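Below is the structure I would like to discuss, written out as structure tokens.
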Amino acid sequence: MDKPFAITLDPGSSRANHTGAWRTERPVYGSFLPPCNNACPAGENIQQWLYDAEEGGAEAYQAAWRQIMADNPFPAVMGRVCYRPCETACNRAQLDTAVGINSVERFLGDQAVAQGWQLYPGGTTPRTPRCAPGNETPVAAALTREAGRGGGREVLVVGAGPSGLAAAYHLTRLGHAVTVRDAGSQPGGMMRYGIPRYRLARDILDAEIDRILALGVTLELNTTVTGILDVLTEQAGGHAAPGEGFDAAFIAVGAHIGKRAYIPAGDSAKIMDAVALLHRVEDGTAPMLGRRVAVYGGGNTAMDAARTARRLGAAEAVVVYRRTRDRMPAHDIEVTEALEEGVTMRWLSTVAHAEAGSLTIEKMRLDDSGFPQPTGEFEELSADCLVLALGQDADLAVLDGVPGVTFSGGTVDVGPDLMTGHPGIFAGGDMVPAERTVTVAVGHGKQAARAIDAWLRQASAEAPPRRALAGYDSLNPWYYADAPAAVRPKLDAARRAGTFDEVTGGLNGSTALFEARRCLSCGNCFGCDNCYGSCPDNAIVKLDAGHYVIDYDYCKGCGICAAECPCGAIAMVPEES
Amino acid sequence: MASERIRFYQTGSFAAGNRLLPEDMRSEQSSAARANTLTCGHRACQGCGEALGARYALDAVMRATKGKMIAVNATGCLEVFSTPFPETSWQIPWLHSLFGNAPAVASGVAAALAAAGRTDTRVVAQGGDGGTVDIGMACLSGLFERNDDVLYICYDNQAYMNTGVQRSGATPPAARTATTPAVGPEPGNAFGQGKNVPLIAMAHGIPYTATATVADLRDLEYKATRAMDFRGARYLHVLVPCPLGWGSSPADTIKVARLATESGLFPVFEAEGDQVISAARIRHQVPVTDYLRLQARYAHLFRPRERTDVIARLQAGADRNIARFGLLEEPDPDHSERVRLTPAPVHDSQLRR
Amino acid sequence: MLKQIEGSRAVAETVARCRPQVICAYPITPQTHIVEALGTLVKNGDLNSAFINVESEFSAMSAVIGASATGARTYTATASQGLLYMSEAVYNAAGLGLPVVMTVANRAIGAPINIWNDHSDAMSQRDAGWIQLYAETSQEAADLHIQAFLLAEQLSNPVMVCMDGFLLTHASERADIPDQPEVDAFLPAYQPRQVLDPADPVSIGAMVGPEAFTEVRYLADQRMRQALELIPDIAAAFWRQFGRASGGLVRPYRTAGADLVVVALGSVLGTVKDTVDQLRDDGIRAGVLGLTSFRPFPAQAIREALGDGHRPRRLVVIERALAPGSGGIVTAELRAALADADGRSCPAGNPIISTVVAGLGGRPVTRKSLHEMLTGAAHGVLPPFSYLDLRTELAQAELARIRATRRSGPSAENILRDLSATAPGPQG
Amino acid sequence: MFAVRFHGRGGQGVVTAAELLAAAAFREDRYAQAFPSFGSERMGAPVTSFCRIDDKPIRTREPVTEPDALLIQDPTLLHQADVFAGLVAGGYILINAARDFTALGLDDLAARHESGRLLTVPAASLAMAHLGRPLPGAPMLGGLAALAGPVSLDAVLAAIGERFAGQVAAGNAAAARAAFDYVTAERKELAGA
């Protein structure tokens, strides 16, 4: 229409006015380190696999599982035995309760086992950045190199425990030929011989180990490695026959020698150590323990021993510990479950003397420094058997006399790259100074694999720049609905004593999905459109779900998008003047 | 509907959009195809709540009317920053006449449409608190009384911002404005009786009255959409913080609006006729001081000494709202947040008359 | 159809024939009969139109602004205080270039409140950007509305039809109300220049700053100049279609060779013409120049009507409104108009102009008083500025009171007190 | 030109009467102008209205100050305002009253006035009888037609028929006709005397 001059204007003509010139700060999409990822000893990209799982359905679950597998080959095992540092760190704990990461991981792991998901053909694909690059994990980056196995070298792994198998898994995927040697008759190490079935079902363990072997890992059981240098090539500082030896070795024989303490005992006193007990139960040669069993110690192994004793028919299982519950090294959940199963505790007690059928207990008291001191008071405790669970030592024989290798406190000294003093020989798991958990061991495996790969390529393991941590304060939690955690079903305590069935069950499809969707996606965009929606200047362009571009021609830099981003994935940075 | 519940209980339930929701259940603002009735290049201040509220509301109406909407605008910030010659930021048919006459102009537009048999095109009138609560009140009351088919939206930023932050009939007690300066024994605006236009609207018995804020997009869109289910006069009162006039950080615009509701100072509810049919429950209650502290217009309540007496009176006002509208009661399932997901637009034939 | 009919009714029926789609009204004496009649026509279905009973004149004008911008032909009517109350919107309608047609039933403005006729109301809006046409008779009032819609819509500019309150609105006269087909033939359907339409969205009513405001005003003036051409054309077309002389810019009566010409607007022209006939009988060469269009002010037409060669020696301007402190509104404009387009005064020399303020607030303008005053004018004894039938004794008494005491009280009430003491006013 | 001034009270149909007279004149193809003494009259307040009748268009709009006829619809007004002001010499006066001039205290006026041009007619009671309401308007016009004949009775009746409908039209018409006959009879009587 022929419009009146000036008074009447054509629609949207203000686009000619570039208000971006007003800006002194600009919003920038970022990617920050979620506390869960930060806390995971295995370096899992937890937030990413929860994000993948949130979609729901087999395809999403498999994508999430593959994301776990990029860092950890044992999702189903983790979902059972991990002590969940991620959940301790979870920001959601400050909102209502932490996301049940572990339970979702178990759900995904079990799905993989049930559906028989395999890594190949297909292989995992590295995470694609949603808002900005820099989200890839080093392993994911390495996986992209997977194509040519050509540059592959020979690597020996000693010990088929979580650490060794994890290393083998990653090295294989990095293109190396791996041989795993283990003294035992079955692979798994402490996962099999240290953790009772009621905490980790064996079919699950076997399935995840088989999946690793299926990658082409050579496993040699009942093989005790001695004289490590003889099997290493010259380049690795060894002297194997040309063309015979290995280019590098990862030693992870664990720690399964039960610590012995001198306890005055009568000849007929029945004493055994917990590691051996658990090992024999696993071998099917469980010893007769009698009606009343006393377990000496306060760690997780002590709990396992006591709970196992109950399952072997002991009417009474008493844990004797010289300190108090709050000082127990055992994880609280283990203690709780033990108590649920009728295990009793004797705090502030030491075993002064053992006789057939009874123990002499000395009462202790904690001094100001919290150290237990004898009181001189004694009492009798009737027990048919005493199980010692006073910790384990590593069998370091395999490294005896290897030049450059040093030891301290019963463990092997290693550098940040887990290499011992001897070039080409790496070590990890329970035999190096660290917390002795399956998750830490698996983490060592990945770390060692990366380091070995780098060493073999005469490169240095690219340590990714550490991203800033996405703390709770960086979030805008109003946008998250209140959603209490979903709890995993537990075997009725009364029914547990008689069976080695798993105590803790898994989530079903909907509860697992519910739990995954409780993730706050701390520090990383989850495509909620809040920035797009809340810009007063329409300066954010939405490409498709979760993909945005800021149009700096119009952005006035008010900062609402950053303030209203629920997960704190937008930062305001000053304009260059 | 277990799946529904899980859909709802998930990351960012209250965010603009959610990749896990089906398109039709996402907010209009999350849609790449939203109308952008008020588009970029406008001259509103950084972090302008009114620019935000206007686009939220009108885009929702555009969706509800399938693009058949005409907007009338009272004089004020919104009009000035959106249409300075030679540019306009509006992408809809838009008419500005005067400060005090938007409701009457809209009545005329509606009458013309009715006379031409074009009742599928709907009319929205909009203005700030000055144009609504004060100078436009007579026209607005006339619109309500005649029950003309117009949705009137008031973007309330609680003062005359366009002219430099002078007091309006919507300015809250104790707030500092250029004409109620923070000086003397009782600094800021006096404690009057206030002028509660939503309740005045309800007193007219018009079909639909609602309040909303820019802090709860889904609620705002729901109400703008719901309003279009009715024929006759409808009133939507939207709280839109003004960084300039309130002395708040531009980045805090939505946060401040959120605290206004979470403190109970601004009750968010909807009414049919003279009956309140739902109130948005406070999710995480906060004391009024959380709200006041973010705004320089209340700075005199905290410095040089904290005016606990004044703050107590303001808190009492919030408490009255909480009691009156039951803002802390358990949400009844019919009005859970799930209902707040913008419903699909209804067809003209379904409209209540 | 020829009828004996009340002026308001004649206008209402004629406006109805113009098929307005939206009518807004707020009652005010003496406009009420017009909108009552229209309201009835709409209610009983004789007129298909939206009739809005608004809550004020401000709303009335505002609503027609909205309706007009949406493409509807719109009409409203008001008077006096009502016109002032809608004044802001009156200016706005013109600024937006909306072809609204409004009847103003001319009435005085208070205080003191006064419901009777003069031109104070319309004159107060003379620079609002509206075209202003003044009717001499009920018939012309009716006819002017038909022309007004055509004019307004051709120019995209609002038109105000001024008719004297009571004198025309309430008087029963003979009038010919055109039939619908005739009006339809003369007045085509409204084709808006700009319209609010979702199919072609525009923003109407932008804020215009110093960079373009002058141009916008310039264009408004250009529309008025265009109107100077259109008004006579439309009047001519009207004459062809309806066979009546209505409208136009000016209406001369016996001005040929006149020495004394009376200039006036509105219904007083009838009384003046009768008086001029008497003066002619007395041998005084008098004539009348009626101004139908006051906005735009028809300077050129006035010069032509007064004759370029022989000019009357005297002009007497009858002012139906007073500009306190200045005098005559029409006089001032007329004085400026007498110079030609280049500002040069007429070679024949300009006439002596006298301003006579008459008929304020309903005071009757009688032939007797006019005859006396004009005879005086013819003999050169009429002062440059005077009032017709000013009751000097009342005014003087109040002036004396004011001089005497500080607290003399409200003048209007004082005068009324004096009045009740003396003889009744001219209206008995 | 024949000018009539009506005097009455608000609610007595004074303005309507003037308009009816104009309408009657229009019926006879003459020009007429009727208008009230403008103002915001209330029920019972004294009201004046005017009517001019001519054979050529009427241009002047001043109030009728020198009427050819006075129609006084309410005798109680006689001694209030100066209802007779400006009546032309030989002008007509018709008063709505059942009583004679003496009773009305108008003997002086009657004495000064040309015989047969000053009459009373019981318009109210005639209206009461035929219409059921004491509205003197129509009968006064009927009387005027008989007294001064500015318009014919037929024209008056036609105007009534045009303005009113049904019972109201019939009643007014009957009252007008009755008044016409009454005045005609009165005049005969006076002429006879």
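Read from first to last, the chains carry the letters A, B, C and D; within each, the first residue is number 1.
In this text, contacts are C-beta pairs under 8 Å (C-beta built on N, C-alpha and C of every residue); 3 or more make two chains touch, one makes a residue touch a chain.
This one's a predicted model, so the numbers in the text were calculated from it and none came from an experiment.
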Per the definition at the top, count C-beta pairs in contact and tell me whether A-B or A-C has more. A-B
Average the CA atoms of each chain to get its centre, and name the chain whose centre is farthest from that of chain B. D
Core chain by centroid distance, with centroids computed from Cα atoms only: B
Return the distance between the CA-based centres of chain B and chain D, expressed in whole Å. 67
Centroid of chain A to centroid of chain B, CA atoms only: how many Å? 49
Rounded to the nearest whole Å, what is the centre-to-centre distance of chain A and chain C, using the mean of the C-alpha atoms as each centre? 93
Cα centre of chain A to Cα centre of chain D, whole Å, reads 115
Would you mind listing the residues of chain B that make contact with two or more other chains? 82-83, 85-86, 88, 90-92
Give the residues of chain D touching no fewer than two other chains, as numbers and ranges. none
Any chance you could list the residues of chain A touching two or more other chains? 6, 9-11
Chains touching one another, given as label pairs in label order: A-B, A-C, B-C, C-D
Can you check the complex and tell me which residues of chain B touch chain A? 2-3, 6, 8-20, 26-27, 29-30, 32, 36, 38-44, 46-49, 51-52, 55, 82-83, 85-92, 217, 243, 249-255, 258, 283-284, 337
Provide the residue numbers of chain C that touch chain D in the complex, in ascending order. 3-4, 6, 29-30, 115-117, 165-167, 170-174, 267-271, 273-274, 362, 364-368, 424, 426-428
Across the complex, what residues on chain C touch chain A? 95-97, 156, 193-195, 200-206, 208, 212-213, 215-216, 219
Chain A - residues contacting chain C, complex: 1-11
Where on chain B is chain C touching in the complex? 67-70, 72-73, 79-80, 82-86, 88, 90-98, 100-101, 103-116, 121, 138-139, 141-142, 145-146, 148
